[in-house]
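Two complexes come next, and they have one chain in common, chain A, joined by chain B in the first and chain C in the second.
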Partner chain A sequence: MKNRLSPVREIDAKAPTCRFWLRFAASRLLRVVLVLTLVSILAFALVSMAPLDPVDAYLGPNIFHISPEQRDLVVARWGLDQPPLMRYVTWVGHVFTGDLGVSPIFNQPVATVIATRFSASLALMTIAWTASGALGFCLGLVAGTWRRSWAAKIIRVYAYMLAAAPTFWIAIILLIVFGVVLGWTPICCAAPIGLTPDQISLGQRLSHIILPATALTFLGIAQITLYTCQETAEFMNSDVAIFARAQGASRWDILRRHAIRHAALPAITVQFAGIGELFGGSILAETVFTYPGLGQAAVAAGIRGDEPLLLGITLFSAAIVSIGNSIADALYHVIDPRITLAS
Partner chain B sequence: MIQRKCAVLRRTVVLALPVFLSAFASVEAAPKTELVAALQGEPADGYDPLMGWGQYGHPLFQSTLLARDEDLVAGPDLAKSWSLSADRLTWTVVIRADAKFSDGSPLTAEDVAFTFNKAATVGGIADLTVLENAELVASDTIKFHLKHPRITFLENFITLGIVPAKSYGGDYGRHPVGSGPYRMVQWDEGQQLIVEANPYYYGPKPAFRRVTFLFTGEDASFAAAQAGRLDIVTVPPSLAGKAPTGMRRIVVDSVDNRGLMFPTVPNTGRKNAVGMPIGNDVTADPAIRHAINVAIDRAALVAGALDGFGRPAYGPADGLPWSNPEARMADADPERAKEILAEAGWKDPGHKGVLEKNGRQARFQILYFASDSVRQALALMVSEKLKPLGIAAEPVGKSLDDVRRLMNSEAVVFGYGSHNPLEVYSLYDGTLAGNGTYNAGYYVNPTVDEHFAAAQNAPSVEASLPQWRLAEWDGNSGFGMKGDAAWAWMVNLKHVYFANKCLDVGKTQVEPHGHGWPITAGILHWRWICP
Partner chain C sequence: MTFSLANAGRRETLPGGIDLRGVRARTLALGLVSLGVICAIALGAAMTGDDGLGTHLLAKKLPPSWDFPFGTDPLGRDMAIRTLKGLALSLRVGVIASFASSLIALVLALAAATLGSTVDHMVGVLVDTFFAVPHLVLLILVSFALGGGTSGVIVAVAVSHWPRITRVLRAEILQVLSSDYVRVAHGFGRSPFKIAVEHLVPHLIPQVLVGFLLLFPHAILHEAGLTFLGFGIEPNRPAVGILLAESMRYLTAGYWWLAVFPGLSLLLMVLAFDGLAAGAKALVSPREAQD
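Coming up: the complex of A and B.
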């Protein structure tokens, strides 16, 4: 009994300790703060250098029935009467107290805009992220394990095509085919026309989310499939796998017992790194499907020069992406203790 | 096998279609009390009058002191009476006593005073910079003290919805409480607004108990109309050809105009705020501007660029009480244009096809927003029309921001159109020359400025109207065609809607810039005429 357990205990000793995790968390936190600072500086510089007059964009043709004095009042409300450096310093000061400022185009605190819009995007992104991760990983395992089969070839061609196709194009094709030609799905929005939330059934909600979610899922599938396929195929050609095959293990056995764990590392990296792309993709998908999520708000903020909102959204998405990457790093240590040892 | 698959697929489609369509089916047995409309006009910052909600169309949730009828004449709404003091510095307004907000609380003069005083400070689209303060005199009487006489202040009585002093706060725009005919049920931002009749409204009950406004894009709205899901929808001219089954076309006149703005001063080396030149030596010559005004064929522009959905424009406010038809000259007359140019000394000695004067060729650019196909068509058509005259006007598409940088030195296709004469003032008043977008052509004519000042100093709106008209043309001078021809106005758009054959929207106003929401101005007169 003791003998059988001893190798396990050996691995245990090498597994990450509590102290290790504390140090890990601290270093990651520092890194996230550093990234966010740099991102905010860059984003602010880009916004303030854009050749756009946000106040004129806001006023539009209304500009001619207000006086120049009133226009100055609007400029002051937007905070644009201050020089850019001052605006940035003030903004950073407020951010440290947890205040992201007020979005002038929505006339609402930035935090509220992000919270309401992100709750709509969250469902969309969660579905797409999970579905693309699970589907892509499975497809990749199949294509990598049975490399020469026709299924693998189809999967690979399919993945290359998806990897090459831009999201908005896939979204438009889906919209035309399923929304317009077949009429199976609604053309827009997150809810049916003229109904209050308590009148909307789950089925109706699903029918509205299915197309944008599918478009976003396609975006994520290709990459993870290709990476997993490559990793699995390499493992299948390794000495370990060939030896196991020689002992009579089937490809399925090797896949189940060894290859999944091997393929999981790059899959996790890609999946978590893909959160950033998911943000980008959701902007396009939401625009095509008139889905009122964070993506639409980001587009509005960019086009109309809403400085606080654009900075807020940039910071928020950067934070999510950095945290995602840190989670991926942490998972490495759990999945493969050798990484902790090496570091 | 394939045939069987197809049959299965077809069956699925047939079964699935009604399921999804049923979600939109709002067409029921009459008489209808619910409407679904797609009229654009969603305010991203909410339904807060202080931020600019209700400038056009009906504010729905709020009511205003005065209201314009379908002939644009201002009449009483919340206000029972209103008068301007002899020194033109104080408006006294008495309001009705029976008005209530949609939460049941009474609307008093205190709310009116609060609304105006607050609006003056928040930096929204309502312009109250001329207001010294709004003073509560009695529970139903307010005095508005102005810093200096300004007759266009009255516009605020028509456009500024009254908000409750007690409950007005930061999230008002998302939870509006007002004394208007409707109250908010639900607003899904970016998607739809659902409103229902306000039981506390003091006016006549609207015929439609519940209205859903969709904020879908042009294409999605049009698709929904085709599918019979909408009762009224805004349609761009390019799609306005044929109404879907069950709907008819409503074509509404507007002052939504497009005109050619000219720099009216020569280039003397001055630079604007972004370092670009001010003035254009060619368009600074009144003869060039007159010739262009006379040569262009406005009826052909309407037919060519607007698919016929428009009318010729001769001034910034055609058909409104403050425009002067006397300022017009006959157009589509290239021969007359040639005479004007020849009289002013423009010649083509080398027969190069381009006129010259003092060694300067008649060359300039016509800038337009590259994203706007109507403006592009106008610029191209005008350019073609001017070529035979020897004027080389090159149409150039630019981004909005590039146009703003270059607008002081080249001709630009702009579009405006308002129910407020202040717009005319912003376009032509000499004191605003080169102030941002205001009077970008640096047009200055002291006589015009005097008429503007006289209009703003008038003892009543009626008395101000002749002065506005004189500013356009007073027999000797003016900004209009016969005068300095500071712009060449080209077309006024017509706004097209498809409405259910059973929906009667009554007589419509001449609409301002902005196609869609303004038609709701008459929403209280909308009726369902089928049994």
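Coming up: the complex of A and C.
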């Protein structure tokens, strides 16, 4: 930040070099691989622990049409007679070739289910992520700059309330108000029922996504608002801001010239680190609006005992969250070179 | 800070010499009120007994009134009593979860900070692993592993909330260990165990207490989310999540009170715990509470 007013830094901080970034990327990659390995072990152990018998869950009522010999055949074919360690090794081997198994409840390869479901969730999460980031950032700036004002108080109370409210409850309230009472939006699904994908217009898609996306936006807003507010308030008490005030700059001037830049990157970092939270929120929002995304598939897998799908979704979501966290970590180094210097 | 003019001349102090008009005192008062709300919920649920949960087919689908402040559901059950029972269950899950997670966090943080860099790295990777899985997915996994049911929900919430406090406590311990008085104690030949008991633990207890209270809202919201998704359903034991999941079936019929009041009560309870945590913080670390 080229800031003529800023006091002289005690440490002569240089921007991270190319070599640093290579080493950083390598170490993060190693860490991500290690974490994903541990996640896979943890998830596999948990799924193996489950009292539910996968063959029974798969057969359902058909269990009565099947002889014990035929059942044993299924068990042998699925490798369920092997010890857990062997099954884990086989599973990981398959995962490396891109084969996550077949989901019994969707009757499709797990990779296909995740791909189709995630494309629906991605639209939802992208809208919510961007909107909550932009809105939360603006609200936080206002609340932090004019700390004593009524607007700031209202924004802070609002953010605290949102942070304390259950996501799915907000979603239900939105559904009652806009879906049922006002009738502005459809109350379920990602498209009108009974149409093939090529018959659905963009407008229809948008009208179905707007309510779930709003609910998810509300979830993300609270944290970013409170964080930006604190960051900005601290900045407004810093020597830079006080000196600028003494020179006759208004709060708005300081906000426009300094505070935005000061708060922007930390806010983006917080947004990247919050992807896990967003993912959890999308599970709840998708359930409320019966939106056919990845979160809904995760719930179905958990309740109906679809082990391959549950494992696949766990690994996939862990990979996404890890990437988000790595980006957040990298951004820390961009924002403040002193962190690089210290480590 | 806005001082009210009417009180500007008088000095009002609590017996402990705490200025009533200060931020800290106000936070403390907020904490006390919150504690009152939480105790009222627990006592209320304990005193109402189970007969309020029965069905009354003559009092079906009633909107909120003086007799039924939260209305009744399509089976004629009093929503106020069901909500109260649900909140009490949340409270219990919260207590168990906060206790278990604080304990796990304390043990792991102590191990990480004192048993050398290998253990430190292992704990760090473990924390990272739990952070990498979205919390709700982890909860679904654990409750699936335990075969669902209320106990599955309780255990899932209990064993998944430690990573964040572990990080905070580890940093705290490292800070204490590098302080002068610990170095002096070490120099005088105090054993690591004595140093831990005499210097570390007294310093950590307030931190653990605040961490314990801050955990509550998370645990409660996760319990509600998990029961809402359909994990751990036991129809005769109302949980807030189950009440809200049931309300979804009657949304288009216009029974808005089924969804509004249980959720609002949960929100209130979470806010009460936030207030309690803020009050505890004001007692434990007065300087921070003045912000």
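The rule is short, and it goes like this: the second predicted complex is superposed on the first by the 294 of 343 C-alpha atoms of A that agree within 3 Å, B and C clash if a C-alpha of one lies under 4 Å from a C-alpha of the other, contacts with A are read in each partner's own complex, and residues count from 1 in each chain.
We take it that a residue touches a chain if its C-beta (ideal position, glycine included) is under 8 Å from a C-beta of that chain, and two chains touch if they have at least 3 such contacts.
No experiment lies behind these values; they were computed from the predicted model shown.
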item	value
First, second, both or neither for A:Trp169, with chain B first and chain C second	second
Contacts of A:Ile221 with chain B and chain C, given as first, second, both or neither	neither
Which superposed partner A:Thr314 touches (first chain B, second chain C, both, neither)	second
Which superposed partner A:Glu277 touches (first chain B, second chain C, both, neither)	second
Touching partner for A:Leu182 - first (chain B), second (chain C), both, neither	first
Touched partner set for A:Leu139, first chain B, second chain C, both or neither	neither
Which superposed partner A:Asp53 touches (first chain B, second chain C, both, neither)	first
Touched partner set for A:Tyr160, first chain B, second chain C, both or neither	second
Chain B and chain C footprints on chain A, overlapping residues	51-52, 180, 187
In the complex, chain A residues that touch chain C	31, 34-36, 38-39, 42-43, 46-47, 49-52, 148, 160-161, 164-169, 172-173, 175-176, 179-181, 187, 276-277, 279-280, 283-284, 287-288, 298-299, 302-303, 305, 310, 313-314, 317-318, 321-322, 325
Chain B to chain A touching residues, read off their complex	13, 16-17, 20-21, 23-24, 26, 34, 36, 44-46, 48, 51-52, 55, 121-130, 155, 171, 173-174, 185-186, 188-192, 194, 212, 214, 216-217, 220, 223-224, 229, 400-402, 404-405, 415-418, 420, 422-423, 426-427, 432, 435-438, 513-514
List of chain C residues in touch with chain A within their complex	2, 125-126, 128-129, 131-137, 140-148, 217, 221, 224-225, 228-231, 240, 244, 247-248, 251-252, 254, 256, 259-260, 263, 266-267, 270-271, 274
Chain A - residues contacting chain B, complex	51-53, 56-57, 59, 61-71, 73-78, 104-108, 116, 180, 182-197, 204, 207, 290, 292, 296, 300
